[in-house]
Structure formats: structure tokens, C-alpha cells
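Think of it as A, B and C in the order they're written, each chain with its own count starting at 1.
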Amino acid sequence: MRRFFYVLFAVVEKDLRLEWRTKESLLVMVVFALLVLTLFSFAFGPGGGSGENARAVQAGILWISFLFACVIGLSRTMSVERESAGFSAMYLSPSDPSALYLGKVVSVAVLMGIMEVVGFAVLAVLYQANVWKSAGALAIVAISATVGIAAAGTLFSAMSARTRTREVLLPVLMFPVLVPVLIAAVKASEAHLGGGGWADSRDWIRLMLVYDVVFLVAASLVFEYILEE
Amino acid sequence: MLEALGVSRRYGWRWALKDLNLSVSPGETLALLGKNGSGKTTLLKTFAGLLMPTEGTVRVGGEPISREAKGGIGLLTHEPMLYAGLTIRENLGYFAKLFGMESGDISGRVELLAETLGITDRLAEPVRVLSQGLRQRASLARALLHDPEVVLLDEPFSGLDPEAAGRLESVVRALCEHHARIVVFTTHDLSKAFDMAGRIAVLGGGRLAYEGNADNSKEEELLAAFDEASEGPA
Amino acid sequence: MYRDERGVFQWLPVLTLVILSFAIFADFYIAGTDRLQGAPQRIFYIHVPSAWVAYFAFFLVFIFSIKYLARRNPDDDIRAHACAESGVVFCTLVLITGPIWARPVWGVWWTWDARLTTTLILWMIYVGYLMLRAYMTEPEQRARFAAVMGIVGFLNVPIVHMSVEWWRTLHPKPVVMRSGGLRDLPDSMHVALWSTLLAFMLLFVCFVRKRAQIERLNARVEEARAAREGA
């Protein structure tokens, strides 16, 4: 068990250090998320429209932009792994593939978390959204969604990185599988952006947690077959 | 003991290895010869557990290769398997942890290897700025980090300047001299094979075309097998 | 690898054709006309069995994927591939017949009905599965990756369904057909439904067998070509 976490943290440490050196993924993720958030404002009108529907639109815009930015970031991270044959090197070691997978998920989730903080701040400014009042609740929503997105994203990007088309395939594989997370994250965020209580978001958060657990367990078990050359 | 028992491996739609039987005992050094595409790299990767044989088994120490067994195997491939954005020291530290080495032991081991490979003063440089020769040495350090009993080297001397090649050669020679270690390396250079290895195997079309002691009297026989293997259809 | 068709299976396509003809006859002539929906209701006999066959196909993909990873038998990979492809065919049928049925009955082509939406997402997942296969050239690696996708994709089905169901129930619903459940169907409709299901199941088996056979031959051709070129 100790060894499991030792390896897991070694992967996280390596990924974050690499990211800190190059800032390749994070920068492009944040800029891309900002861009999409702004573009949607042009598409739906300032502040995502007016009236009751605005908050639903805002929540939708937010998570769509996070999802898109995540695809960009994942492609970057995985192309670094591909260039250095990182997965093969991992598979040469006697480490537990699930530890390697979960380490990768954690580092992806950390990058996404940083991007999301910026995203929420921008939402508060550009869309006059009530982010601060329910920041705690939104953080819980964001964390449960991010774990799911990172879990699926890591698995599928590791796969698509080894195909001929690479990046093109990632959204095609990833988005349909992430539909439950998208729905739940949007609905739960919508509830809290509207000043709603836990009653409106509890079930959605629970759904995301179920998704997270199912996906993390299943992907940990099969990651070995992705690493193999 | 490192054994391939009836190993076949399909790569693409080709059989890169076909029903191959080969074993190497502790203390032995084996040179693998063969033209490009003869299955040398595939065989090394299969020995390292990176590729699963489509048919047959690979055994290490009498047991089918397992995740635990990988802890005793070191592989040097064409891909450096180092992160270009990290320094040599950071790279080695990371891979050492994957092999379960305690953080306390890592720096000593890294220093020692760097010393032997002559890269001590380059440890803090990111891999991306290193020359091909230095990368190769850093990569060899990665393969030897965990002091493996089985060392697999894919073309360790190709594409290097004489100085780097000489340095690497003496390191590999030292590895081979260890009484309990298994060393398998691939090369195009016949003289290096005769010089360094105790035994030579020639692969052709994924099959074993020749196998025997590295004894100069057999050179002609070996060359004949080499030519035959690279000409005729598999 | 390749065997000639012998025994019972030789007659399978013929049997399928006979039952399929009967099923089509039953759908139009044996089953009575629905009092509320009229003739458009008859598409139900195509729509529902297709959906069941599609879900069954994806379940088989899941099973063959697990089997492949456990035993690494290339034939399991071929079977998973054949099931996925045939499953997508039936899934497409569901997605085509759904709107055709919805239009005259509910007045709209698409209602984001929970079951149909789940099927749409499922269709996307398995089209992704087929694309993943199409974009990979290394057969062993493709088999492994596809198996992973086949397992993960199927595990998602209940969660997707749950999320879509909740998503819809929290919205004002359009006029949704209140189906009284299968038990309320008159006998003549049962005959049509179950005979079509049987026909589609047999058709599915024919598809899978044919597809797997083609894929096995394909593998032999590729192997022979590679052996000739590679030497």
C-alpha cells in the first residue's frame, strides 16, 4: 500500500514538475477556456442572455469550456508522454499500473482545478454570476466533476495518443462517455449559481461520485493494457 | 536464466518473431545479430516484458515473466525514455521511484552511475539540450538504475562518436564481467559481437538462423547464416 | 482458422429469411391497428426489437472484450468487433425509426425522451469504438484498446441512462406517450413483437457470423501479404 502511493506521488511529482518547467498544458488550457467563455458571450448575448434561463446558460457555457480546454490540455500532456516513450518506460517498471494511472489522473485533475479557478473567476466578472456566495458548494461540484473528467480523459487520451490520428480521436471517444458528468455538473452548478441549496444539487453530486468511483476502478484495472506496447 | 520458449509475436500483420527458442544463463553475454527488421528489437522488448508474445512464453529465473520480475530487468531502447523537459537527475530520480527504490538510496546510486558513465557534471542539465551521445549515456543510466540482473541493450553503440562509444563500451564490458549477470545486446558490428559476447545468435525473419559460441573459427558459418537469413523468404 | 459453413448454421440465413418474412407479415396484417395511434404505431415492432438487439449486442461486446483481455485469443477480438458493428446497425435502426414514429404521434421528430437519448449516446460511444479500431493499424494493440473501450463504454450505460432520465424529469415534459406496458398488449400484437424480435436476433447472429468470417479471412490475407512483403 505504501509502495502504491509512493509510485502514485512519483508520477504526480514528475508531471507537475514537467508542467512547471514548460507550462505547456496549463497555459493553453487557461487561455482556451477564457476564449470559449468569451465566445459564448457573443453567441448568447452578454451574460448568457437574460432572465431565468441565464443561469442555466452560464452553467452550460462554463462546463463546455472546461471540457474543451481539458481536451486541449490532455493532448499536450499525452504528446509529451509519447515523445519520451513515457508509457513504455512506466510499463518496464514493476510498478502497479493502477498507481501509475491514478497518479496521472491526479496531475490532470490538479491542472484542471487551476484552470477552473480562473474560469469561475472569469464567469463571476464577465457574466455577473453569483460565484462567491456559494463558492464552497461550487467547489464541491467542481471537484466531483473534475475527478470524473480527469479519470475518463486520462484513459482515453492515453489510448488516442497511440493511434494514427492522435488528438482527433480524443473528443470522439471522451465526450459521449462524459455525458453523465456534463449533465450533472451543469445541473448542480446551475442550482448553486442560482443561490439554490443542497436539495437541488445533492442527487447530481451523488451521481458524479458514483461515476467517479466506477470509472476510477474500471480504468485502474484496464490501464495495464494501454501501457503494454 | 532468461528463456524464450516457442515465442512468436505478430507486429502489424507480420510475424516479427516466429517460434523462437533461446536461453541465456547467468554470467553469459549474448550478442544478437541480424538485419533491420529481423526481430532483434522485438525480441529484446519481449524479454523485457514490454511486449507480450502472441504465442509461447518468456521465463525469467524459471518463472513466466511477471510484474515483479521486471524489477530485475533493465532495457535500453532506441527511444531514450527520458523526459526532454526534465534534467537527467530528475529523470533518473523519477524512474528510480518507479522501480521502488527508496528516496534515500537514489541520489547515491545516481551519482555512482553518473560517475561511471562520465555525466556527473551534466546531471543538472535538461535532457533536451544534450547531444545524442550524452542522451544515450543518460538512457543507459536509466536502464541500470535498479542494478538489474538482466541487462538488455538495443544497439548501444550506434550513432555515437568514438569517445562516447568507447566510454559506453567499457561500461558494458564491466557489466558483462559480473558472474551472475545476463547481458543481451544487439549490434550490426560483427567484431564487437565477437569481442564482447560469449555467445552469438543470428536472427533472420523472426527465426533463429544461427546460434553458437563466439569463437572466431565459426565466423564463416555465422556469416553464411547471416546472409542466408537476410536473403531468403521467412 | 477459416472453416466452411457446415451443419445447422448453414441453414441459418434461410431460417432467418423465413422468420423475417413472417414477422413483417405479422407486423402489418396479424397485429391489429392501434386505437389511439393508428398505423404509425406499427413501427413499434421494428423499433423496440432493434433496441433490444442493440443492447444485447453491446453486452456481447463487453463480454468478448473481457474474454479477450483475459485469454488474448484473437477470435474474441474479432467477435467483439463483429458484435459492435452489427450492434451499431441495429442501434441506427432505433434512431431512424424513433423519429419516424415520434413525428405523427407526438408532432415532433425528437423529444429528448430518456430512452431514445440514451440510445443516441450509446450509438456515439460505439461509433467511437469503431473509429478507434479504424484508426489503429497494429492488430494486437488495436484489440487491447478496443477491449478497454468495449468494457468502459458498457459500464457507462446504466449511468448514462440514469443521468438522462433525471435530466428529463427535471424538465417540463412534452406530450409523452403513456405506454401501458407490455402486459396490456393484445395477443395479436404480441405475435408481431416477439416474432420480429426472434427474426432480428437471428439476423443479428447471421450478421455477426458473416462479419467475423470476413474479418478472419481478412486477417489471413493481410498476414499472407505481410509475409510476402516482409521477407
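Quick notes on this one:
Everything that follows uses one rule, which is that contacts are C-beta pairs under 8 Å (C-beta built on N, C-alpha and C of every residue); 3 or more make two chains touch, one makes a residue touch a chain.
The model shown is predicted, which means the values in this text are computed figures rather than measured ones.
If each chain is drawn as a node and touching chains are joined, the picture has every node linked to every other. Comparing the chain pairs B-C and A-B, the larger number of C-beta pairs in contact belongs to A-B. With chains reduced to the mean position of their C-alpha atoms, the one farthest from subunit B is C.
Relative to the centroid of every protein C-alpha atom shown, the closest chain centre, again from C-alpha atoms, is found for A. Averaged C-alpha coordinates put the centre of subunit A at 31 Å from the centre of subunit C. If you average the Cα atoms of subunit B and of subunit C, the two centres end up 48 Å apart.
Taking each chain's centre as the average of its CA atoms, subunit A and subunit B sit 39 Å apart. Among the residues of subunit C, those touching two or more other chains are numbered 137. Of all residues in subunit A, those touching 2 or more other chains are 228-229, listed in ascending order. Counting partners per residue, subunit B has 52 as the residues that reach two or more other chains. Contact residues on subunit A toward subunit C in their complex (touch as defined above): 155, 159-160, 162-165, 169, 172-173, 175-177, 179-180, 183-184, 187, 203-204, 207, 210-211, 214-215, 218-219, 222, 225-226, 228-229. Across the complex, subunit B is touched by residues 72, 137-140, 219, 222-223, 225-228, 230-231 of subunit C. For subunit A in complex with subunit B, the touching residues are 3, 6-7, 10, 13-14, 17-18, 21-22, 80, 83-86, 88-96, 100, 228-229.
Note for the complex: subunit C touches subunit A at residues 69, 121, 124-125, 127-128, 131-132, 135-137, 141, 144-145, 147-149, 151-153, 155-156, 159-160, 162-164, 166-167, 170.
Those residues of subunit B that touch subunit C in the complex are listed here as 10-15, 37, 52, 54, 205, 232-234.
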